[in-house]
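Presented below is the structure to which this report refers.
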Amino acid sequence: MNRPVPRLIVLLGVVGALFVILPIIGLVDRVPWNRLGSLLADPVVLDALGLSLISSLGATAVVLVVGIPLAWLLARASFPGRGLLRAVVTLPMVMPPVVGGAALLFAFGRSGLVGAPLDTATGIVLPYSLWAVVMANSFIALPFLVLTIEAGFRSLDSRYEGVAATLGAGRWTVIRRVTLPLIGPSLATGAVLAWARALGEFGATVTFAGNLGGTTQTMPLAVFVALESDRDAAVALSLILVVISLAVLVLLRDRWWGAR
Amino acid sequence: MNRPVPRLIVLLGVVGALFVILPIIGLVDRVPWNRLGSLLADPVVLDALGLSLISSLGATAVVLVVGIPLAWLLARASFPGRGLLRAVVTLPMVMPPVVGGAALLFAFGRSGLVGAPLDTATGIVLPYSLWAVVMANSFIALPFLVLTIEAGFRSLDSRYEGVAATLGAGRWTVIRRVTLPLIGPSLATGAVLAWARALGEFGATVTFAGNLGGTTQTMPLAVFVALESDRDAAVALSLILVVISLAVLVLLRDRWWGAR
Amino acid sequence: DSRADETVLVLAAASLTDVFTEIGPLFTEETGIAVEFSFAGTSTLREQILDGAPADVFAAASPEIMDEVVGADATSGDPTVFATNEMAIAIPPGNPGDVQGIEAFAEDDLFIGLCAPTVPCGSFGLEVLQNAGVNPAPDTEEPDVRALLTKIEAGELDAGFVYTSDLAAAGDSVIGIPIPSDINVVVHYEVAALVDAGSGADSFISFLDREVAVSVLESYGFSIP
Amino acid sequence: MTDALRAEVVIRRHDGFSLDVAFTAPSGETVALLGPNGAGKSTLLGAVAGLVTVDRGFVSVGDRVLTDTTNGVLVPPERREMGMVFQESLLFPHLDVLDNVAFGLRSTGRSTGEANGLARRWLERLGVGGLASRRVDGLSGGEIQKVALARALATSPVVLLLDEPVSALDMSARLETRRFLGDHLGRFRGPRIVVTHDPTEAFVLADRVLIIEEGRVLQEGPTDELFTRPATQYVADLLGDNRLRGRRTDPTTVWVGQAELTVVEGQTGEDVLVTIRPEVISFFPAQPEGSPRNRWQTIVTGLERRHGVVRVHVGDPLPLVGEITPSGASALGITPGADIWVAIKATEIDVIPV
Amino acid sequence: MTDALRAEVVIRRHDGFSLDVAFTAPSGETVALLGPNGAGKSTLLGAVAGLVTVDRGFVSVGDRVLTDTTNGVLVPPERREMGMVFQESLLFPHLDVLDNVAFGLRSTGRSTGEANGLARRWLERLGVGGLASRRVDGLSGGEIQKVALARALATSPVVLLLDEPVSALDMSARLETRRFLGDHLGRFRGPRIVVTHDPTEAFVLADRVLIIEEGRVLQEGPTDELFTRPATQYVADLLGDNRLRGRRTDPTTVWVGQAELTVVEGQTGEDVLVTIRPEVISFFPAQPEGSPRNRWQTIVTGLERRHGVVRVHVGDPLPLVGEITPSGASALGITPGADIWVAIKATEIDVIPV
């Protein structure tokens, strides 16, 4: 039944929306439109844009690959310390990202817990590379994906998985064709949250991966650098970042959110 | 049926967990334990801790109040530009937080779009106050809550709301006693994501609200400031932040996640 | 020659972004050595160096952090001062707070910004205020000078202390009021080669003293010691 | 009749299904709503309850107009005071059994204590008091249905809408619940509608019957009348007898579809309703000799045992059901698919002009 | 019998319910599983299919052991080749009707085209071919059940487990589906179990019947035998006749609970099964005079009309059901709660020693 939407809901919703929209208008208001063209042609900006897309998508892939199983374990398996593990997984959200980056250095840096033996054994140094950017993004984005998807697993009616099994679907077929589609909305949301968070990541990236144009300088880092000197450029770069994510998010239209 | 958990899932899940756990171990490894006591007794730290808790909880409350209705509208109401609105609401996640803070200044600052008329009319200036901290935290945290809860609304079987209505439950009773409990896992997850994100917020806060000990200096700001001069103190402060959020998250035990 | 495929990696304080970006190509032109920069807050760079970052040169805006790095045996030579900077008062265009001098920092009903005391621009600002005998009433203590400048430019603060180099970079978006030299402080930018640095490191450090580099530094508002 | 339920409902769906039904359910009476799968029964109840959007319609209880599309009236479901049992039950998964039943009571303003007390009593009345503190997701199919019934009845609604309320119950629970419903419905003052596929249920529970098919009313009327004069094949099938429409082509011949029947003399050219009670049909393994005027060979399409007799369904040229004893059935070796001869005496065929 | 299904299942739940059942379903035969709500029927099917954890148990099909707790064997559900229709149907909400039916075919390795073709044919066979591209959430209750049946049958399983597969179907669809199932089950080579509450269904579809109550087997055996010799009141009730266990205390007297019956002479002291066909029970408004040796006053507890007769249920001292004509019923003014006299001739009571 299409009942009119309650006024209070509309009112609060509009307040919420304005709270986001007004600052964005404020930002758009300051954009030096005439310089946008030359900025977009600047190879440094193009590099940063490319790196941002690659690293944020890479991080999304990484967190999907390890995050879905982790969410599955948190929701379905029972083992001692599960509540603690869930809380620990949440921590990268809580730490200031710069500290998160430092923690990554402590673990995977050249003289880190894992990084030092790795360096000795294979000569591989993780920081200051694209890998490091992806790792930093993944570290920060992981909790968003895991918690969202865990909620999806929890509200799933697991009887459907039993039905699928009686129809001859093996473990992986069930996961692929029943479980994941059924948690579609959570999955999509988790991936979008993770991707968006990775795209905007600054603190952990600059600390763990450094800020090397063309190698590790993503858009947020380029914005940071521009802020030092050329405020207008910084605003314009932010706008580019905003427009790109807007485009991607609008393209993921309603049905991608997997309306049931 | 309790079937053994597939090895690949355990393996990937463990990799995901280690990816978070190792850096945290690295961090704990560097904590100057002997200084922890004096740091915890430092009034500046205590102030920051208090402000962090107040502002992150305040922001969580704000985003719950405006975010649930917004998610409801995005999931349930159909209006032109809905896809665009959803994308716009996601933007605070994508913008580098410093830029988000600047956007807040452009909108709500003393000479901002809304802030200037507000100042002229009432003399109220939002920045440099606790309100500003809560606003900055809310701005950054809102998308996490909205998207998570929208996914919850979408996977909800709306027939239950019809059932409740035939039992005499009015609009608000249905929302309170059926809709919200049924999306419990999403609601809890959304709130936790928003809270945790608010707790760790740095860039937007410092840009919009400034950094004054006792008034607007939250823990991440204190950590950042300490990092400039006293790295050990910064690590110790981060640890305090981490431990507190860990404690809160563990207390929100399994059932708070609202297993169906 | 063999230097052609060599690259010097310079970890530089964020406030050196513009000037080093301009000096870089001049250096390469002159010596044939490629140079790359990684700009970040001086303390972030410290973390990377202490972790053993594979970089050649460290250019710091804070002698204290440089000392820390030296103390950790992460440098291969003694640090040298290659530029100095001074403090100045920055006010937004139109001067909404009607700020005329350093006395304004004591006014409660103005919006006054400082840097946090733990960061260089904050401690220097406090030093200037002490020298002037002014007891400040700040509304915010920004974690770095860039954040402070953002607020002044946006008209959110009526006055704050920044470096003269910042004033040069900001152009028309802020107005600078000089501080009399008897109460002002001088800020030292230090540079040092890191352990394991390639031979290009010393070339870069010495290039900073050359006339071409000096004129670039001066054009961005730095002074040369 | 002051609180009768009047409903006119028109719904058109993109996929071609449309519903266009009008009926009245008098106060204090039970209307059985029958019809094949997909006829629109659940949709109709949903429209009456205000849960399904109607394209055009009018619903009122007594003087109170609940839906009136021409005047833009649309009372929301929670103020219609209609108790509904849904076909899929739809117990709230986040509440235990007691809270499910207490939900409506609490929603309409009672204290928790009072609501729980009443809910407990309703559960006991339906024989599932022991489940009060159980989670919903471990209940058996029948238990679910009993709890759903208790939940709907507990709010003391003005109108009752029951969508197959006993389909998952075992025979004795069904009988008991039916008896209970009969009792309860008898004491219940408002109109009530029960969707069912079971004519016995309709007969036992209902005062009136409304039969719909493909969204249209096929027949409506008091239960007894309907059972004696079904208007269509579907209704006749539903009631289990052989009632067929035909045309008398000469005084003693009636054609029903492709089949020619010899009957008692009547007026040529009239349309008739032919009724053949199942007991009067005889079956033979080979062509029978003797008095029956109507005999033909056909095929057994189905067998049913109902209360001690075997009901034999036969196919073309005239689909009929006959009844014989189990021993007769086994002596004849009747199985689905078997060839068989059917014989019916002309005097045993009732022919009524329509 | 090579591919018979053997199952022994023991499950204990914290809430007191326990299931302890062993049975064999011969290959090529259909076993009807009957029992009251909450008896454990669905749980038993779940255990056989490997979906419900058993505390102790053994399941095999022919030589193939699927569950064996003593030897730690537990074949996962997807490799049991058991087709199951669930009581709540549980169609996949994210797939359309065709994809639901094609799911099993694709999961077991067929190409999309082949799977869809087969699925379409199954839907047509069940009379719902037109729904192929429909979303699941708009289907009517009966449509859902037909699609669920098609989905389970499409994978050509070795064992069929059907949990009330026709409960939501209308009468003619039920008859048709039952006929279809009968056909299909007849051609299907493996064992099959059908949960039902309807004795007709059991009679028509099943070769054997397994009756459970509170998790225990009450009776098991060939359908015919069971229908003629129900072992308990529940079973008798289920089958609709009056079959009671009693004890002969002197040659012509049998006590059934609190009731004394005069019967034809027999051996004192033996336990007996008393069967009173409903037709032989007479009802009177006042104490009757005449030949019937057994008469007592009682109360009408329920009325049912079934296929042209009225079935009258009476209460203490001996719950029985009798059958009279509708006209008889209305002449007597029989209504639930009315006082009435019951009379039964001693010669009409069957007494069998057990």
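Order as written gives the chain letters A, B, C, D and E; numbering starts at 1 within each chain.
Note that in this section contacts are C-beta pairs under 8 Å (C-beta built on N, C-alpha and C of every residue); 3 or more make two chains touch, one makes a residue touch a chain.
Keep in mind it's a predicted model, so treat the numbers as computed, not measured.
Asks: Could you work out how many touching-chain steps separate subunit C from subunit D at minimum?
Replies: 2
Asks: Quick one: name the chains whose C-beta contact count is the highest of any pair.
Replies: Ranked by C-beta contact count, first place goes to A-B.
Asks: Quick one: subunit A and subunit D, Cα centre-to-centre, how many Å?
Replies: Measuring from centre to centre gives 56 Å for this pair.
Asks: Rounded to a whole Å, what is the gap between the Cα centroids of subunit C and subunit E?
Replies: One centre to the other, that is 87 Å.
Asks: Considering subunit D alone, which of its residues make contact with at least two other chains?
Replies: Residues 50-51, 76-77, 88 of subunit D touch two or more partner chains.
Asks: Residues of subunit B that touch two or more other chains: which are they?
Replies: 1, 98, 102, 105-106, 112, 162, 171, 184, 224, 227, 258, 260
Asks: Which subunit C residues sit where two or more other chains touch them?
Replies: 47, 150
Asks: What does subunit C use to touch subunit A in their complex?
Replies: 9, 11, 14-15, 17-18, 36-40, 44, 47-48, 51-54, 146, 150, 153, 169-170, 173
Asks: Could you list, by residue number, the parts of subunit A that touch subunit B in their complex?
Replies: 1, 3, 5-6, 8-13, 15-17, 19-27, 29-30, 63, 65-70, 72-73, 76-77, 82-100, 102-108, 112-114, 135, 138-139, 142-144, 146-148, 150-152, 154-155, 157, 162, 171-172, 183-186, 188-189, 192-193, 196-197, 199-200, 202-203, 219-220, 223-224, 227, 234-235, 238, 241-242, 245-246, 249-250, 253-254, 257-260
Asks: In their complex, what parts of subunit A are in touch with subunit E?
Replies: 159-160, 162-171, 173-174, 177-178, 181-182, 184, 258, 260
Asks: Where on subunit A does subunit C make contact in their complex?
Replies: Residues in contact with subunit C: 98, 101-102, 105-106, 109-112, 125, 127-128, 206-207, 210-213, 216, 224-225, 227-231.
Asks: Which residues of subunit C touch subunit B once you look at their complex with the stated criterion?
Replies: 41-43, 46-47, 62, 64-65, 68, 96, 111, 113, 116, 118-119, 138-143, 147, 150-151, 154-156
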